[in-house]
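Common to both upcoming complexes is chain A, partnered first by chain B, then by chain C.
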Partner chain A sequence: MPLPPASGTGKYFARAAKSIRLIRQGCTNRPFFHISVTHRRRLNSQPVIEQLGSYDPMPNFNNEKLVALNLERMKFWLGQGAHVTTPVAELLGLSGFFPIHPRSYMTAWRNRRTERENLEKQKEAEAAATSKAE
Partner chain B sequence: MISHNSILKRTLPMLMQCAEAHRKPRWLPVAKSKIFRIPKRPVISEEERIELLRINNNYKTQMRAIKRFYHEEMIKEKSTLESASSEMSQQLEAEEWERCVKINDTWNAQIAAEREERRKKELQEMEEFALARMEAKDKELRDRIAKASEEIREQKKLSSTFITPENLEEAIDKALANPVDYNFAIDLQGQQYLGRDTPIPTKEQKKAATNN
Partner chain C sequence: MSLHKFIHKNVVLQYNHFQLLAISSRKLSIIPSVYDGEQDPGPKFFSSGVQALLKRLTRPDFSKVFRKRTNSNRPVLKTPEYKFLTNEELQSEFSKANKTAARLLQMPPVVKVHQPINEVLSKDPALVGYDNTKYLFTDITFGVPNEDRLIVERDPDGTLQMCDHDTRKRLNQGRKVREPMMFADEEKLNGLLEAEKYEYILDRACIQYEPDELSYQKVTSITYQHVDMKTNYKLLRSTRHFGPLAFYLTWHQSMDNLMLELLQTGVIREAVLLMGLRQAIHEDIAFASDLNALVHQVLPMPVQASKPDSLSEVDIQLDNQCIDCVVKYIAKNSAMKSQQELALQGFREDYQQMVELSRGLRKAHGEA
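Here is the complex of A and B:
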């Protein structure tokens, strides 16, 4: 018996809660995600209702992370009251479909802070090295 | 455990596959080595907490508005779909259909003309190609014939010296009268001594010959 297609079976219960989420489709050490709409209580290994896009988190040759989105269907499922998980909401925020997700802001400022701290540490180390040399 | 019979008799063509099998089952207790481990809580400063609260509130408000917008859109679309069966809309649809058919016909005609042109061009090219091939073949054949005739002419010229039953005796007599010996000996200097019976001079004889 063939497996159900990863692009979705199209079967769903109308009253059940839906969720738009990332579903890992890659193999070991090679993550790749489908953005799919599925029932909220279903496992990620179970057949989905519909695939709405894909996300490749590994930067390619041009240092790009590719995302494909079917915004028409996304609108339809949002109209049906589908929930959106945080990672997908972040992606949609960066693509301009949603407002920027708070977590994107948080990671950004935390990254900036660690970078600043690292720079300061480096400077201190350099200063200490020069004073020792004198 | 699912029985084999139930798999065969299921109504939905679905096969359960558990990919999350690499997790510890829920009913297993905490590992012995981890009993006294207290996970470290993340430390969030007051400033950051307030900022996060603010942007989260903003985000939630905006998302609520967006979700409501799409929901209302869906409802609107549904209602327009239901009202589409009225006479007015049917007429509008018919007009739209007419227009579409007209555009489609013009496009089809245009594409047909293009196709005809392209087909003609392709046929022309094919003919040219075939003619060129035929010409090349003809040329090759002519060359081969010329080569063969040349060969025939040469052989005819040579045929005057052939040995035939008429002059066989004569040729035998001639051969017997002039015996030719193709054997020869060779010395270290590369000198050839033709014939089987040619006497080869010794070193002393050679010296004597040079002195004289």
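Here is the complex of A and C:
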């Protein structure tokens, strides 16, 4: 059986719950995601209703992560009552289309905390090394 | 290796480096001047009067416009077709060829350099540490042209802002992402200029850049100045780049070398058109009304690719008016007075001979 087109097959039940989610498309060790709208109860391997964009989580040559969003269709499906999964909501928050997702803030301050702790550990190790030398 | 040796080697290296710099700076005497002043050249360039003047100054020669090109898009050259045509069919073929030539000679636009985009949409310091890479968001809504496309970036410090032109260009694609070496490396561009590959440079610049980009205007400016310096106008005539060249020179008040070339090659009518162009751009010519009337007379005349065999009385009268106009121009506006006067003197002598010859011929034929 041939693969369905990446843009989606467009078949759906009007009253069934939809969700806008990331669908992994890359290969081993090379993640790449489509942002697609599909039935909530459908698996990610099944054909989607429509593709709304893409997200490349690996930074490119210029250290940038590229996200493409079809905002017009996104608005349409949101109007139809589609649910948005957290990773997509985070991306939409970063793009300024949604308010920033709370999880983005959580990730940010957790990263800051880890960095701070690492710095403290490093300082302690340095202090220990200097006291040993004396 | 001893310290002494090391120092010696280093010094030699530095000396070589210095020499290289000196060579490159000697070659790079051209300073690009771009359209970044107060005044926007766009409206002047696109006005119908100036367009007509520039197209006429291009002096289209069909054998050059329709020459064979090594073009990657057309791998197979067609064999020419020979047909017997009636007069009407021939006329329609001519009008078709004219249309194709007009399309091939469409001039790259001359516009002001664009302003950098720094529109900050929001600043969120609470996002510091979220990621150490930039996020670029592109709106891929169907039917939005690339120039209106919404492209924003979220920086690692939490700032959300509109992307600048270079990022926009990269994301919109359509051309090489990395600048070709001939534009990135000045030595290579100089090599091409020395080889007089002007059309190649300008065509490639049209493909790679937008006309309102700083790099485009720098490259074209350097090329135009090189053409002007070497008086190589001939190489750009009947290509689409001659109009912007003439406009550039006139805009920057340095069209007197082109004027001199026109006088030396005896194309007095085009000299008048060039004066008309100067008047249209700068409005600094005292005898404007006479000049404009003359320009209106000259514009509908056919292009003189070679010297005419015989001159009619109407032609002689028109040419004399042109000469008078040029004399006035040289006296009042020219920056190369003596050279242009000399060239005009030479033209007058030649022209007088031609006039006598054609009058004599007509007399011999019993027409006058």
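Heads up, the rule we're going with is that the second predicted complex is superposed on the first by the 133 of 134 C-alpha atoms of A that agree within 3 Å, B and C clash if a C-alpha of one lies under 4 Å from a C-alpha of the other, contacts with A are read in each partner's own complex, and residues count from 1 in each chain.
Definition applied: a contact is a pair of C-beta atoms (placed from the backbone, for glycine too) under 8 Å apart; a residue touches a chain by one contact, two chains touch by 3 or more.
Given the structure is predicted, the values throughout are model-derived calculations rather than measurements.
Touch criterion met: A:Y105 reaches chain B and chain C at once.
Touch criterion met: A:L94 reaches chain C, while chain B stays clear of it.
Shared-chain residue A:L3: touches chain B; no touch with chain C.
One of chain B and chain C touches more residues of chain A, and that partner is C. Shared-chain residue A:N70: touches chain C; no touch with chain B. Once the two complexes are overlaid on chain A, the chain A residues touched by chain B in the first and by chain C in the second are 105.
Against chain C, the residues of chain A that register as touching in their complex are 53, 59, 62-73, 91, 94-96, 100, 104-105, 107-109, 111-112, 115. Against chain A, in their complex, chain C makes its touches with residues 121-122, 124, 126-131, 133-142, 150, 152-154, 160, 170-171.
Chain B makes touch with chain A in their complex at residues 13-20, 52, 55-56, 58-59, 62-63, 66-67, 70-71, 73-74.
Of all residues in chain A, only 1, 3-4, 43-47, 75-76, 78-81, 89, 98-99, 101-102, 105-106 touch chain B in the complex they form.
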